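Some structures to go through are shown next.
Both complexes shown next keep chain A, but they swap its partner, so chain B is in the first and chain C is in the second.
Up next, the complex of A and B:
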């Protein structure tokens, strides 16, 4: 590591890259603006997560400890800001408390950790008690950064939950104050038989379960910013209607039906408004309404399909959407009163925009060489809105659609269709570290706001 | 090498055609037999039809004609026309369209009458329509890729659909808009809405009251055919009709 230090200083690395990839120099540049804008940064902190000490727990403890250790390591590894010390390189010890911690052992090669997470876990009398610590290996005088205590009913779900909470504490502390996403959820559409229902899972694909049981086609789930309600479009006898499901009450709640088919709801980040597509006069246009369905306003009047609105979460005053007004669908942007319309994509087939939490980027699905008979090539892209510079995040892996940003802006969840199936995948917002969360007929993922 | 290539291509087409026929239950249409050789010039033939043959004031209909062995074809009130074709007509009063076809073998003529009704037909009550009969008479309109424009062939079909619905004034219909499975599911739901509505407009222009027609989009959620080829995609790009009970 140390020997490589010379080459990894920014200036010599740049020189190295220019010499090595002279014809592709622009590409390195493109990756840099993505990494900076998505809070992924350039340098990753070398972090070790020790297996927790089983303390003096009862017979339940080993199984819960396995779940906890695995979940904590994966959460930190998934965060996108750490260079994790692999378990095989970590010292074979399980310090239970600060007194048992020998930092030099962790700072030395091969672990070479800059930070160490460790602690103890014990199940006794049906309760699960966890003590978690984060130590700075470079500051042996005053190493403690975090000390946390958790106590919940002893269960597998709670072992995962506590690991998620502790991981999010570490990520918030070491990731520039941006909250981690280990406690977030993903809502999606699951095809079961001939029907499609709205489902929920943890951010890492665990705990998949059905939310709706409507026995029809339900699509486009969008969770409210307070995580209390899911808006979605459901096929009813009179056509497509926007419906609301209360996650608090565990049942559908009323939302007024509108004239014509209504599709693709989207929440403003303050939770006060929803935007959606409605075909009141037979031509789908973008509308806005208050969250209770009152105060309906039509804000576009373009011939052809207008659908898939997404609000700028930073301001709640702009909407990007997908319009077929000139033929193949393109991404457009406007103020939320319908003024200042601006086209963002310059051709191809561009759909399903999702606005990044910091307001800087649009993620969307784009097939740049789309045409009758053109093969594959529908990939996820992100575009820097101010410069309209874009970069392609997925390559040669079937057909991708419906990107949705994680609340920390570091991750994107999306739908991948490959070989007849449809799956939910996640990746870092620079396109790296793609991994599958579900399989079967799952589609249209939507990441919760917190 | 070239022959080999050719043969390979031909068998591909054969396989594609077979797959399509099996997958979509589409009957194979044999190519028309070549005309028998004639020593002398044959006499021209001509047919002309108008659908629907009865419209309400302000409505429209489609005139379709076909001739053979004619060099000069004209329709009274329209002028010289091609050997075959279609044209939208919107006469204010009942009209008889008279086509004359002349060729080296002589001349022939054909007529079609379009009645413009003074008032809407009296509603018959309690019509109990069989789904199969309905489907045989009210056929779907097909669309081009990523388009909701009514093509000439769809115009003809929709004119026939309108005429059937005009003759059965108690029927109410649902028009479903469908898309092939390429592209995005949300966008296709919106596009399907445009397709269903384009078909509705064609029926309304053909004299059918808008309150007899409901539209719903199925986007790419319901497919008639699941092969990944153009023949199949075409089957799926449609506005289809069902009875609204």
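Up next, the complex of A and C:
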């Protein structure tokens, strides 16, 4: 302050104060810089999932550990963004904590891991405690990326649940903010006896169980964005009608019936609207309504069937659907008020559109050379909407239909008919890593939003 | 005059009236058949799933790669200039030489005998000598101390506007995995088909942007353009297509992160 008193003019004092605190102001606004780039894309992350260390616990610990290890490895392997280190190449150690972790061991050949997931698991007093870590093997000075602790009732289901959650954390962290799908579900139609009911399973085909028990034919399930309700078409006395089932209440809830057959419901991404196909005079058209069935609006008036609407999940302002206005069914797109109609496919037999979560792609079933004796079959395709360029994902594996995107946009679930049976399969959105989830008359899968 | 001339011709007794009438009748019949066929075809074929006659709005469908999917592209990190799809013919195996048989009166050369090392005698194990604990010294430690393990984030560059600030801070060394995430996500959204094929291989554009705490990119601009405008815009669009890189690491205390990203054109492959 003595120095400040020595400065006589107020302007000089102000200048002195500014000069005094200027470095602190710069410090407050300082940000780090990083410099990176690409020339040929980026390869997958090489990730090792170590077997978790069985800490002292109850006798059921080994069984829970086996379930946990298997589920975690499969979840990370299915994510589509990792090059997983085979268990046979991993060092034969099970580090339980960061102190026991020897990163050089994992970074060296043959594991050559860039990342390592590890931790410990113990069932004590009916509770299952899991400590999970993710370490960067290339950064021994500051290796920890993730540290998580889970505590649930000790059961096989919870061992799988914790593995799913830990896998999703890793995928979200290393996948650039896109959440993992290990905790998502798939809803589908299961033919049991003479009826078709709506069933649910985990994303990996585990935990299959019935949702509805209506004793009739139910088709095209669509789960709401908040995972609270399922809309589906059910055969009633008056014909096909859209029904609602509350997953929270565990029972059907009311939804107004309309004249004629109503089919193929579809939720908007905000859950406020529902689109469907209704045939009041024998010619199916696309309608929209509020989620409670009010404010019904007809948005197509074309001669020929218009079915299978799907909303753009990014904006909820566009609808793609399947129309027979020009003969064979083709994929079209329009604004949600029925304007700006444009045709997407240029021929063949195209059905069952599904819009990708990022709004960039349409997946659909397409038989490009439709006709008696024509080569090829019905396969799953995806199309870049902006350029209308497409790519074929399945080849020569029977008849595929009803594709549905996973919420991360990296996977597609679809129905495959082969040898007289109908099965549900999943694959990465580039057509690789195809896996069968169910068999024996299961069809029309729909991936949950989260 | 022309009308008079025509009527004179038609008034001829052996003229062309009859063939003209027949020709007109035949033409009329053909036109009628065409109209009838068109009507019947439209009536019975137009409402079927399968006519596929309406081609307005049809598109030129082209097979493309799935570059825009949020999946890693399994390209090798660098081109192997030595690799070729037409490898040269493998060299023939060298013929094995047969050793000539020794003459019957030849004297064999004795092989050198290596001396065998005697095995060391086992030493009796001595019990481990425990060091006595150092005596506690009840005095304060003065003088030069060991360097404190200060997190290097506190030593970040103060002036972000100077050229030196490109390497400012130690984010890259502490959170290398996040830098990899940035690299990977922009690389996934960089469409090489947007770049003019005439762009020279190795052309590089630098784009700078900030990453907010929630991981969203902002303030995207070109820092150093390349000679190719299409390469510049493609790299800019790649960053703009990213919704989020994921939240910044919890251990990073600043409000945002500055990124300088380069896109190097690998050339047409």
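Simple rule for what comes next: the second predicted complex is superposed on the first by the 403 of 450 C-alpha atoms of A that agree within 3 Å, B and C clash if a C-alpha of one lies under 4 Å from a C-alpha of the other, contacts with A are read in each partner's own complex, and residues count from 1 in each chain.
Going forward, a residue touches a chain if its C-beta (ideal position, glycine included) is under 8 Å from a C-beta of that chain, and two chains touch if they have at least 3 such contacts.
Bear in mind that the values here come from a model prediction, so they are computed numbers and not experimental data.
Applying the stated contact rule after C-alpha superposition, one finds that A:328 touches each of chain B and chain C. When the two complexes are overlaid, the chain among chain B and chain C that reaches more residues of chain A is C. When the two structures are aligned on the shared chain, A:296 is found in touch with neither chain B nor chain C. Shared-chain residue A:342: touches chain C; no touch with chain B.
In the superposed pair of complexes, A:382 makes contact with chain C only, with no contact to chain B. Contacts of A:408 after superposition: chain C is touched, whereas chain B is not reached. In the superposition on chain A, A:39 makes contact with chain C only, not with chain B.
Of the two partner chains placed by the overlay, chain B and chain C both lie in contact with A:304. Legend: residue contacts after superposition of the two complexes on their common chain; A:239 is shown touching chain B, with no touch to chain C. When the two complexes are superposed on chain A, the residues of chain A that touch both chain B and chain C are 304-305, 324, 327-329. Listed in rising order, the residues of chain A touching chain C in the complex are 23, 26-27, 29-45, 80-81, 115, 136, 138-139, 141-142, 145, 172-178, 303-305, 324-329, 342-347, 358, 360-361, 370, 382, 384, 387-392, 408-410, 428-431. Across the complex, chain C meets chain A through its residues 47-54, 56-66, 68-79, 153, 156-160, 165-177, 179-188, 190, 204, 206, 210, 215, 242-247, 249, 252, 254-266. On chain A, the positions that touch chain B within their shared complex are 196, 217, 219-220, 233, 235, 238-240, 261, 263-264, 277, 279, 282-284, 304-308, 322, 324, 327-329, 349, 351-352, 365, 372-373, 378, 401-402, 443-444. Within the complex formed with chain A, the chain B residues making contact are 145-146, 148, 183-187, 189-191, 193-194, 196-197, 200-201, 214-217, 221, 230.
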